[in-house]
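Given below, in the form of structure tokens, are the structures.
Both of the next two complexes hold chain A, though its partner changes from chain B to chain C.
After this line comes the complex of A and B, so read on.
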């Protein structure tokens, strides 16, 4: 199962996206500054944008879902329970898992943005598509919610997961790292080797690398463990 | 100075709280009442019971710069320049002053290249910066920012922080899920289930949160 981009380009006014590469099974992290083209790439991988040139080739992928950056853009129903049913899922289990069991009859737009994000992630991850695209899945979540989302992402056994984010405090363990800058996608390779090539690493990781630590992965636990090893 | 007395509003229950000048980071779990508190302090709503006074006045009588958690929903104009200029134009400031102020604010925030762009073509992070520029342009007395950093990268956040330090606004109330950033505020306010659990200097408040995931990750690796 993979998703291949060959010399893909999209132009929107002064902005141009250029990318090539293969997204295989596993967890990919696409990191990059504001306006670098992460969301445009997410739409492209989801098949919601057609490239001006180049090709996007999917093989062995029979289902794909994209979680949008702003969770309110997903809302289609007037209650939280109906919203879950609209994904073809049973509300009881999903809402219990998302810590929203007592909000079933509320208007989804009365939830806080973090709660709405939790609802959206719970639904989309439960659908377990072959290709799961998550645009800023951690934004607005509190640290407990971010950890929960990381565990759910790490627990996916099959399929391709691509996370587009500039999150700097709570990150899941990943397989492959990519960076976006001014519309250009650069592969940094697989972890752990990719970590020292990460130009815009989060502050805790940047600090550990400066100290000479060699973490096995990018999660805070891995970084603390690597620091313990060198500090003794 | 913001003075809160016997406040009850939705889940919020704050008998007495004084928020001094400087930068206050409001933190807490999702749904703990951070946005509700910020909206009340910004004068978006009147409290159901109790009072909020800013320098002795009601929030609605104070010039407040506000950026909400859904910047997409609060944009009034279709062009970036017009959005940032809106509050100055509503007060009938002369054209040359509006022009100069919008350009200066946009340059400080690094979005001068977006001034003629339609707002709908901007990325989520860029929309947040435009909303922040619009809030800052009219020299507010109080700035209320609801998770403006949740759609910003590390470098942009640092630029925003420098801008806020230099903007000359006496009182900044700002909620965030980035504890590394909250640790740099003058004061941290921790909300839980609508109540103020802790309020004080970052060192004091985070010392009480050391066993939780709210402890700043950078402190976990540095200290």
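After this line comes the complex of A and C, so read on.
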């Protein structure tokens, strides 16, 4: 199962996106600042944008889903329960998991953006597609919500998961790291080797590397463990 | 057209002419065909066909029920063409420039800011609609009667929330009333000529030329 990009490019006014690479099974993190082209790449991988040139090849992928950056864009129904059903899921389990069991009959637009994000992530992850694309999955979430989202992402055993984010505090364990800058996608390789090549690594990782620690992954727990190891 | 003052003048003049009479609408279309940068100004074909389709359907219903359907269609198409041309040529901030030039730093700035925010939100709504379409495609939901109401509510609520955030932001930054800017405009000779032609077209379309010649003939 993989997703291949061959010399793909998209131009929108002054902005140009250029990328090549292969996304295999596992968790990928596409990191980059706001406006670097992550959302455009997410739409492209989801098949919702057609490249101006180059090809996007899917192999062994029978289902794909994208969680959009702003959760309100996903709303197509008048109640929270209907919203879950519109994803082809039973509301009870999803709403309990998202901490919204008592909000089933509410208008989804009455939920806060964080609650809506939790609902949206719970639905999309529960669908368990072969290709799961998450555009800024941690935005609008508090730290507890971010950690829950990380655990849910890490719990996916199969398929390709691609996270597009500028998040720099709470991150899940990943397999492969990519960086996006000014529309160009650069592969940094597999973790842990990729960590040292991460140009815009989060401050806690930079600190750990400066101290001589070699974390096994990018999650805060891994960094903490690596720091404890070198300090005895 | 670089000078937003002339562009707004042309837009208002031709829109009034098109609204006032069929002759005005025809004059507006002639002006648009001769002087507007048509290819750049036209919206995407699907959107253009959709809007023209809606106008045509309304016109047919009006015509069948005894109203002036044809006159309605030609007027609306003329106004649509001028509106798309104006929108395609606009630049961020020019509404504030024009209204400050016209009405000064207080009232002019206020009206210009409101107009600017309104126009910029059109682009944001366009992006929202694209995202909603993407979300529907992901769910496999087809646009229909059942989905149109929640989607419309979603767009309106999102826009209202955004407006509230913007107003709070202005308030937090200490905005109360008016502001000081020195607008600068550049005008070419061609722009002056085609703007004058638009005004002439509108005057001829609005003046009941037939009545003038008729009364002149009767006097003779």
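Here, the second predicted complex is superposed on the first by the 232 of 232 C-alpha atoms of A that agree within 3 Å, B and C clash if a C-alpha of one lies under 4 Å from a C-alpha of the other, contacts with A are read in each partner's own complex, and residues count from 1 in each chain.
Here is the rule we go by: contacts are C-beta pairs under 8 Å (C-beta built on N, C-alpha and C of every residue); 3 or more make two chains touch, one makes a residue touch a chain.
These numbers were taken from a predicted model, which means no experiment stands behind them.
Engineer: Judging by the criteria at the top, classify the pair chain B and chain C on chain A as clash or fit.
Structural biologist: clash
Engineer: Report for A:12: first if it touches chain B alone, second if chain C alone, otherwise both or neither.
Structural biologist: In the superposed model, A:12 contacts chain B only, not chain C.
Engineer: Which partner chains sit in contact with A:227 here, chain B, chain C, both or neither? Use first/second/both/neither.
Structural biologist: Once the two structures are laid over each other on A, A:227 reaches chain B alone.
Engineer: Per the contact definition in the header, classify A:176: touching chain B only (first), chain C only (second), both, or neither.
Structural biologist: Neither partner.
Engineer: Touch check for A:161: first (chain B), second (chain C), both, or neither?
Structural biologist: Once the two structures are laid over each other on A, A:161 reaches no partner at all.
Engineer: Examine A:202 and indicate which partner it touches, taking first as chain B and second as chain C; both and neither are also allowed.
Structural biologist: The first partner, chain B, only.
Engineer: Could you tell me if A:217 is touching chain B, chain C, both of them or neither one (first, second, both, neither)?
Structural biologist: After superposing on A, A:217 lies clear of both chain B and chain C.
Engineer: Using the superposition on chain A described above, determine whether A:72 touches chain B (first), chain C (second), both, or neither.
Structural biologist: A:72 contacts both chain B and chain C.
Engineer: Is A:142 touching the first partner chain B, the second partner chain C, both, or neither of them?
Structural biologist: In the superposed model, A:142 contacts chain B only, not chain C.
Engineer: In the overlay, work out which of chain B or chain C sits against more residues of chain A.
Structural biologist: Comparing chain B with chain C, the partner touching more chain A residues is B.
Engineer: Hey, what residues of chain A end up touching chain B and chain C alike?
Structural biologist: Chain A residues touching both partners: 70, 72.
Engineer: Mind pulling up the chain A residues that touch chain B in the complex?
Structural biologist: Where chain A meets chain B, its residues are 12-14, 32-35, 38-39, 69-70, 72, 111-115, 118, 136, 139-147, 166, 168-170, 200, 202-204, 207-208, 220, 223-224, 227.
Engineer: Considering the complex alone, what residue numbers of chain B touch chain A?
Structural biologist: These residues of chain B touch chain A: 28-31, 35, 69-70, 72-73, 113, 117, 121-126, 129, 147, 150-157, 177-180, 212-214, 217-218, 220-222.
Engineer: Under the stated contact criterion, what part of chain C meets chain A in this complex?
Structural biologist: Checking each residue of chain C against chain A gives 128, 131-132, 134-139, 141, 147, 149-151, 153-154, 157-158.
Engineer: Note which residues of chain A are touching chain C in the complex, please.
Structural biologist: Those in contact with chain C are residues 43, 46, 48, 65-66, 68, 70, 72-78, 86-87, 109.
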